[in-house]
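Should a chain be cited, it is by its letter among A, B, C, D, E and F, assigned in written order, with residues numbered from 1 in that chain.
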Amino acid sequence: MEKNIVEEFNTYRAQMNEKILGADNKVLKRLFNLDTNCYQEGQVDVITKEMIGMACSMVLRCDDCVRYHLGKCYELEVTTEQVFEVFAIANLIGGTIVIPHLRRAVEYWETLQQNQGK
Amino acid sequence: MEKNIVEEFNTYRAQMNEKILGADNKVLKRLFNLDTNCYQEGQVDVITKEMIGMACSMVLRCDDCVRYHLGKCYELEVTTEQVFEVFAIANLIGGTIVIPHLRRAVEYWETLQQNQGK
Amino acid sequence: MEKNIVEEFNTYRAQMNEKILGADNKVLKRLFNLDTNCYQEGQVDVITKEMIGMACSMVLRCDDCVRYHLGKCYELEVTTEQVFEVFAIANLIGGTIVIPHLRRAVEYWETLQQNQGK
Amino acid sequence: MEKNIVEEFNTYRAQMNEKILGADNKVLKRLFNLDTNCYQEGQVDVITKEMIGMACSMVLRCDDCVRYHLGKCYELEVTTEQVFEVFAIANLIGGTIVIPHLRRAVEYWETLQQNQGK
Amino acid sequence: MEKNIVEEFNTYRAQMNEKILGADNKVLKRLFNLDTNCYQEGQVDVITKEMIGMACSMVLRCDDCVRYHLGKCYELEVTTEQVFEVFAIANLIGGTIVIPHLRRAVEYWETLQQNQGK
Amino acid sequence: MEKNIVEEFNTYRAQMNEKILGADNKVLKRLFNLDTNCYQEGQVDVITKEMIGMACSMVLRCDDCVRYHLGKCYELEVTTEQVFEVFAIANLIGGTIVIPHLRRAVEYWETLQQNQGK
C-alpha cells in the first residue's frame, strides 16, 4: 500500500530527528528539548498552544511545521471549523502569499481525517 | 504631561487609519474591514484569537502589530503569566532574532499596566 | 501523455481552491474575493499589476505565487525580455537567496512557451 | 526650521552611502552600482520599475526602501490614486502585518506633497 | 544507477544557470558575477565565508542555498562537528521554524559523505 | 554628556533582559541561556561565530541583533576591512533591502570606534 503524506512526513521527521540528536550537539539537543517543554500545559492550555504554533508556522510559511501542529490539533480534537478560523487569521495576517501553504494544509488536514477512517 | 508609548501608538494609529480609509481605495477598505471581522467570537474564542494574533505578530517581528494585540489581550484580562507563555512560544519558533521585539513588548505590557493605575 | 509543471500547478490549485471555498469560512472567502478584485484594471493597468504581483511573489520567495503571476503575464503577452527585467529587480532587491526561485521561474516560463506550441 | 521626515531620510541616506562607498569594499560598490542600473529605462519603463520597487519594499516591510521609491514615484508624477492601488496590492499580498508600514508610507507621501508646496 | 540528491541538485542548478545567463540580462549577469567574487579569499578566509553563507541560507530557510554552501564546506574539508556548530547557531537565531531545513541539510551532508566513498 | 547609540543600546538591552528573566518563564530563561552557550569557543572559534551571528542578523534585518554582534566583533578586534567583507556577503545574499540596515550598522561601527578613543 502507498504511503500517504501524513505517514511520509512522520517517518522522515522521526528518522532525521534521530540523526540530529545522534550528532550530539549540545545546543541543538537542548533546543529540541525546549521545543517539547514549550507546548506543555501551563497557564495557557495545550490546545491554544498548538493553535498558536500552527498559526505561527503558517504565517512563517513552513509546510512541515504546519503539518506537525495540524497533527497535534487533530489528536486534540480541534474541529475543522476551528482549524479554518485559525487558517483565516494566519492568511489575513500573512497575506495572499500564504495561500499556497493553506492549500497544502487543507490537503494534509483531509488526509489526517481519512487516515482515521482506516 | 508626557504621552507614554501606549498613548502615542494609539494616537498615531487612529490618525493614519483615518487617512488610509479616507483615500477611498476599495481593496484597502475591505481589507481593514476583514481585519475587524477576523478576530470576532466564532468557533475559536476571542482571547485565543488575540493570543494567536499576538504570537503571529511577534514571529513576523512587527512591533506595532504586537502592541495592538497586547492592548487587546490586556483589555481581555489575559494575565502576565499567560502573555509570557505566548511570548515563549513565539521566541522559540521565531528564534533569538525575536528577542529585541520581546524587549519592546515587555516594555509595552508594563506601560499598559501602569496606565491602568492612573 | 505526462502532465507538465504548468498543468500540474493549475490542476492542484483549482482543486484545492474549491475545497477551501467549500469550507465556507467567511474571512477566507472574502480574502479570495479581494484577491480577484485587486488585480483588475484601475488607475494602474493590468499588466503593471501582474508584474508587481510577480515581483512581490519573487522577493517573498513563493514559487506557486510566482507561477500564478507568470501565467497571467504570459496571457497578457508580456515579453521574455520584460519578464527578465522584472526578475532582475526582484533578485537585486531580494538578493541571491532568490536565485533558486529564479531558476524555477525560468523553467516555468519556458514551459508556458512550450505549451503554447502544442 | 525643523527638518521633516523626507529631508531627514535623504540627509541620513546620502551621508551613510558616502561612508559605505568610502570604505572601498568592491562587492558593496558594485552592488550599489547595480542598484542604479536596475531601475533604468529598458523594455519595462521607469515608472513601472519604481512601482515594482515600491511594492517589493512594502511586502518586505522596509520603511526606508518604501520611502526611497515613493520619492522616485513622486518625481515621476505617479498620482495618489495609483500609489494607493500599488499599496493595495502590497498589503493584500503581504497581509495585515504590512499595515503599520502602510501608515508610515501614507505619512511620507503626504510630506512629499507638502514639501512641494513650500 | 539512480541519481542522488547531490547530483540532482548540481545538474538542475547548472542547467538553469546556463539558461539564466543565456537570457542576456545585464543586471542578472552582473549579480551572478558578484556572487562568485564575494566568496573569494580576502581579509576573511574562504572557509569562514562559506560558513557564513551557509548559516545565512539556513536562517533565511532556503534549502538550495544551504545545499550549495554545504557542498563548498565539504570541499573545503569543514568537519561534521563544525558544520553542526554552525547549524546550531542558525537554528538558535532562526528558531524552531528552521528545524525542517536542518533535517534536509543533515540528509544532504550525509549524502555528500557517502558520494565521497563511491 | 549625551548618551550615544552604543550606550543607549546597551542600557536598554540590560534593563529589559533583567525584566524578562525576572518574569521567571522557564522556556525564555533557558532560551537566553542557550544563546550564551551557543557562541562559546568550540570546533568553530569565537570570532567566526560572532561573524556568523552578525551576518545572520543582517540578512534577517534586525538592527539590534546586528548591533549586539558588532559590539562583540569589536571586542574581539575584528578589523574594519573584515567587518565590511561580512557586510558584503550579507547584503549580497539578502539583497538591496538590507542596505538601510547596512547604513545603521556602519554608523554603529563608527560609534564603537569613537567610544574607544574616549
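Rule of thumb we're sticking to: contacts are C-beta pairs under 8 Å (C-beta built on N, C-alpha and C of every residue); 3 or more make two chains touch, one makes a residue touch a chain.
Since this is a predicted model, take the numbers as computed values, not measurements.
Enquirer: Chains touching subunit C and subunit D alike, please list them.
Expert: Per touch definition, common to subunit C and subunit D: A, B, E, F.
Enquirer: Given that subunit C and subunit E are copies and touch, would you call their interface same or different according to whether over half of its residue numbers are shared?
Expert: Here the answer is different, because the shared fraction of interface numbers falls below one half.
Enquirer: Pick out the pair in B-D, E-F or A-E whose interface repeats that of C-D, meaning over half of the contact pairs match by residue number.
Expert: E-F
Enquirer: Please work out the Cα centroid separation of subunit A and subunit B, and write it as a whole number of Å.
Expert: The mean C-alpha positions of subunit A and subunit B differ by 24 Å.
Enquirer: How big is the gap, in whole Å, between where the Cα atoms of subunit A centre and where those of subunit C centre?
Expert: Comparing mean C-alpha positions, subunit C is 27 Å from subunit A.
Enquirer: Measuring centre to centre with CA averages, how many angstrom lie between subunit B and subunit C?
Expert: 32
Enquirer: Going by the touch rule set out above, which residues of subunit C reach two or more other chains?
Expert: Correct list: 27, 31, 34-35, 38, 56-57, 59-60, 65, 81, 85, 88-89, 91-94, 96-97.
Enquirer: How are the chains arranged in terms of who touches whom: line, ring, star, complete or other?
Expert: Contact map by chain: complete.
Enquirer: Would you mind writing out the residues of subunit E in touch with subunit F in their complex?
Expert: 34-35, 38-39, 42-44, 48-49, 51-53, 55-57, 59-60, 65, 79, 81-82, 85-86, 88-90, 92-94
Enquirer: Can you name the residues of subunit C that touch subunit E in the complex?
Expert: It comes out as residues 61, 80-81, 84-85, 87-89, 91-92, 96-97, 99-100, 102-104, 106-107, 110.
Enquirer: Please give the residue numbers of subunit B that touch subunit E in the complex, ascending.
Expert: 59, 91-98
Enquirer: Which positions of subunit E touch subunit C when the two form their complex?
Expert: Interface residues on the subunit E side: 12-13, 16-17, 19-20, 23, 25, 27-28, 31-32, 35, 56-57, 60, 62-65.
Enquirer: Spell out the residues on subunit E that touch subunit D in their complex, using ranges where they run on.
Expert: Going by the criterion above, the answer is residues 26-27, 30-31, 34, 37-38.
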